[in-house]
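One structure is given here, and the rest of the page talks about it.
Going by the order they are written in, the chains are A, B, C and D; count residues from 1 in each one.
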């Protein structure tokens, strides 16, 4: 009776003082039994014991799993050989099975526990931080990623509106998770949830009350070109049924453990649909977006990498007097400002990664979604973060429902980016 | 621009008159795009077009998918070779990817549609019926099964109680799905949902209002030995807080498309837990179960396969005068009845499959769950179905919380079945 | 310690065997204490004991209450005198208080019990049946009515849609309460709840799951002239978004205990609003209504009461050969049919009560609401009930949103009834 | 057509610029029609116009109502005479009707509007503030009070738990309404809603999201004697299932407009019941209560009103050196402290109003509910408010479920107050 034996062996140390090897042993016991009587309680205990672990114990635990709960290369190769000899459903099934490690089975079992899915997302978050120092844990992380891709299929996400009637425990998380424009406490949050604002989030059905990703929207008249008026505590609240524009001014992923499992494009597109249905008066959908890598690029790109006129702009920027006190955009000279704006257009539209996609991560996201670049604005985010990212420059992308598909196609087929005449002039201005 | 081209090409035939090849082409278009603007609408159209297909069109459609959306053996073998040369995470990931066919990706995309999960379950149900005549479709069926195993992880199931306050649309399905003891309309259902009855079901979060499996429980004093008094329209309703026993008298799977993805043992065990919490007065948990294969076994087992005394019983039964009119259990002679009872005990406890598990499917289910065999009863289900299955003989299995784990262990370690003295006597009586 | 004393005194008989006098004594004890510790339990016991009473005990109990829990005429007269001497707020408050009997206070206390409001509605229903034989109980009934008017203020009613997803326990009540066109079981009900049907009900917040009044609506193309096609089991279900008409074909009050507290006009008008919002395609709102008093009127009105041409019609009808077998409308001769139609128009439009309102109760209801009379149809309800009420004749009233207010005004100011040309011709035809 | 006329007349001024007389005229129009088509919209407009009024317009409006929508003394007297001549149900009904002013009917109609009940509660709040300067408005206030008593019957209140999962919009109100120990923002609130705290509120069904009264409870080990440790930001959170005591440390009424309609005793008793059911480990229920009138009494009671020893205590207190800077309880000499404690005991237990009930309002509340006085504590609330009320002295009342009824009885029958020996000694100590 393995289970009872296992229990006896561990009994003394259990309840918070398990050590990594003993916990791995318990995982083995769990896997040896199918959904048995105490299966859920058992899985719960494993998660609890893990919670009690120090970081070093967690790493030690995962190292055991990465050897003892891994696939067996010999088994894989044998299965591959058998498939080679006879490529039938039985042999392919066996080959797949040989590639499905006990680690994945373990997490399928742990997922059954109430709160299990969330615990597993957190575990992947930890694994992601461990892998640089412990690359052998990447195997586990890759397995978890596969499971999470299936479990967080779009069909299992629920769109929900967040407003001032949402539970405080949810709103507290919005404050915590906001990644683009920090929320300074409850009054600031309340201001962002007034009747001319919308906030939508995806939730997963087994992680109630904890959003996966959320999008903040300002209903405005005309496209907002800078962020401060949107967030001002004393801004005038307008009638949402009289607004003509929806400005997506912040989108935040909430869980590092879901990295690489993308929800953002689904969210933006569904929010466009919801707003079109609820507010017939909204005629344009735009973002007010940061250029997170711009300043870093300006400060690090080799001059030689750039075509001549852009290189001149870069030189102008690099030669501006160092201002040690602050980076107040008001203090730049006009020449520097013009140069930065042209550089920004170049960075957004023409600076590419090796895979020919734009260097800027936010640009990659919106352009792949089918948005176009409408305007680049000076002095748009003069917060420390905004100046630090891009000297306060921000971008409006436009989601024009009738063009989204065409833009998306063109972008993926030809790499061409849809831009407004206004932005085109900035590029030609060089 | 593949998408627009695809659309143009199909445009004329769309809206209900797609043919299999055109639909497969659309599936290819869908896969060529990531969650694009019209992705959901596109996926919805594919499911709708499929709904409009005749059976032969469906089969033709799947045949195309089974060739065009399958894995490529060459790619698999090359990936296997690379893994053989260097068994690293990259090569194993590539090998796995080569085994993940476009068909699976397609269904991940279709699952995003509201109602998609349910549609996919139905599609698997159809594939299961097609595979005998079209074995090449087994490949698709196997892929769907893998997806459904992940998507129907225990963590995503919700236990809910069904009672007379449940929506009529749900109750209608209970009437339809009941597999063991047919429900004869709304009055009969109401009778089974009175305050001394419980009905619990698992639901999946994306299939609201449609149970996956449900369990019917009668709260009684003492273990019910036969089914008629439990279902009688004029039975006396008792105080649930005065009952001492919970009798699980029917468990029904609702969707053929979920065949092989087992929920039953989770359901029974969670119901035991719920009842223990809600009704402290319940002291024993028992089933009243059919022996679905008994009569077939008696009528087909070769005499030589049986040990001597059991063989004698079998001869007695086989020699009883043929009763063409009915199989009223009242008309069997006592000798025949005794022989049948002993044969039933033998069939349950000692008749095994090649894998050494019991021949009877219901016995396999309950014994694997950790139940014990408490009693075999004559005249317990005198309905046509009951007599047809087992001359009306039924079995009580016992779920004794403190023994479940031990029984389960013993059963899997040694194959030994926990039985009561009463049943032991039946076996020794031979 | 009155309470303890009271308890001691009653203790022996309690739990189902209280007698009327003892129960009245308990009511007195309850009133002697303000919301004390055991107040709710105490009130609950009183209601339970009452439930256990036979009808004669109930009457005896109410008779005690009607003397012991009534106002004191002397106190009223003294308070009136004081008010006469000094008509101040204090004296008017004292006068009102003298008119507020302990019986009302008792029911305010009983209402606090979960389920209390519903129990009180049932008690009023009983009182209404008792008052003809026991007119002294009218005093109690009048007090209850006053309480119920406050408690069932329109602001406390909740409109809810009833459909096939409603709880079976609610639908069961719809079957039971339907007063106009009997519902023959669950299949018939399901047929009335298909997607081209609507059913709306008012609920009270303390009586969940038990409607107060409900309205059945058929979405159709054109106004239905007869009831059978609406209810036919094999009728064609149409697309609700393609219908142009909403036909209110049945409105049923559910609780006799709420008699005289009218909800119907609120319900019809709110349903019109809801349908206009949800289904922009609906362009007309009509009823298909019975004439419940028509046949009785034709058979009992003195000939001399009628103007000459109508008197002729009446004579034609009264002289038609007696058909003992049935009243199949097909068998009337055309002359009789014409006469009946003209009589129906006269009955609806011109036959009045002493207070100058229409004789027909359904006409009074719809006309006061602002509806107009659109059409009178032969053979519209050939059920036994329909023939019994009005030889199968039914009426379409029209609720034209833009005319409702004007019609309502004219009706109450001048008594004039809005009618269509079609109906006008019927009247002039005489 | 009164309505249309009315509309025409007002049309020009409507939408925010109605004047009192015009609004009163509209009220008259509303009353002239029964639940007609536009009734709800009409009532809504009246409430909106009122919202737009200045205070002086509101007073002017109510003055018109108080004459034009009042009862008619002559009609009352005539009805009283008729009742005198023949005291029958008809005459008593007529008399009651003569006492039911149009003002009440008006508010019954306004209550039907969504949000109407809440608006009416606010209107009564205003009337209460107006009556001192405009005593003739007391008539209206008295009528509203009668309506609100019926509408806020205990049966229509819903007990709900408030916690960190409650909507932020509800929690915001808790912060605003807290009357005893001010809540300093969201962090302080969160601290009061941790797992060893409970907060329960009554809601009315038509005022969702806005509590009527709420009670804050600390789960502790032993009875808390002072308030600071309960509210400390860095307090240790304990396991609620290991606590033995529930301390009711704050109860706040939320709406001045519901003054005189008492919910508090229902709330405390139901919370005791709920906690007994949920947390079997709680063995005692105590309050930590202020003595709101103590300091005022000490500073204003005439020396001669007190018995000799208490008078000495009072002299000691009055002679203490004036401390203009603060009233830090630490700086009182021990003699003053002892004198204050004895005076507190006298004030609580022996100082009475003319109606022989305790002078202290909080004492009246808890003692009438059946609580006993357990302890009087020095330095229990050293906030400015606490020192201002009672030099920081607080009281623990005990709700012992088995004594509540007896205490309540004794208190009302004999005026005797249940006190602990500890408190008895304080009184005897003089």
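As a working rule, contacts are C-beta pairs under 8 Å (C-beta built on N, C-alpha and C of every residue); 3 or more make two chains touch, one makes a residue touch a chain.
Everything numeric here is computed off the predicted structure, so don't read it as measured data.
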Whole-Å gap separating subunit A and subunit B, where each centre is the average of the chain's CA atoms: 39
Separation of mean Cα positions, subunit C and subunit A [Å, integer]: 59
Centroid spacing, where centroids are CA-atom means, of subunit A and subunit D in whole angstrom: 50
Chain-level touch network, classified as line, ring, star, complete or other: ring
Interchain contacts, given as pairs of chains that touch: A-B, A-D, B-C, C-D
Of subunit B, residues touching subunit A in the complex: 1-4, 33-38, 71, 73, 76-77, 80, 83-84, 87, 89, 92-93, 95-96, 99, 108, 111-113, 116-117, 138-139, 142, 146-147, 150-151, 153-156, 205-206, 262, 265-266, 269, 368-370, 401, 404-406, 408-410, 412-413
List of subunit B residues in touch with subunit C within their complex: 164-169, 171-172, 185-186, 190, 209
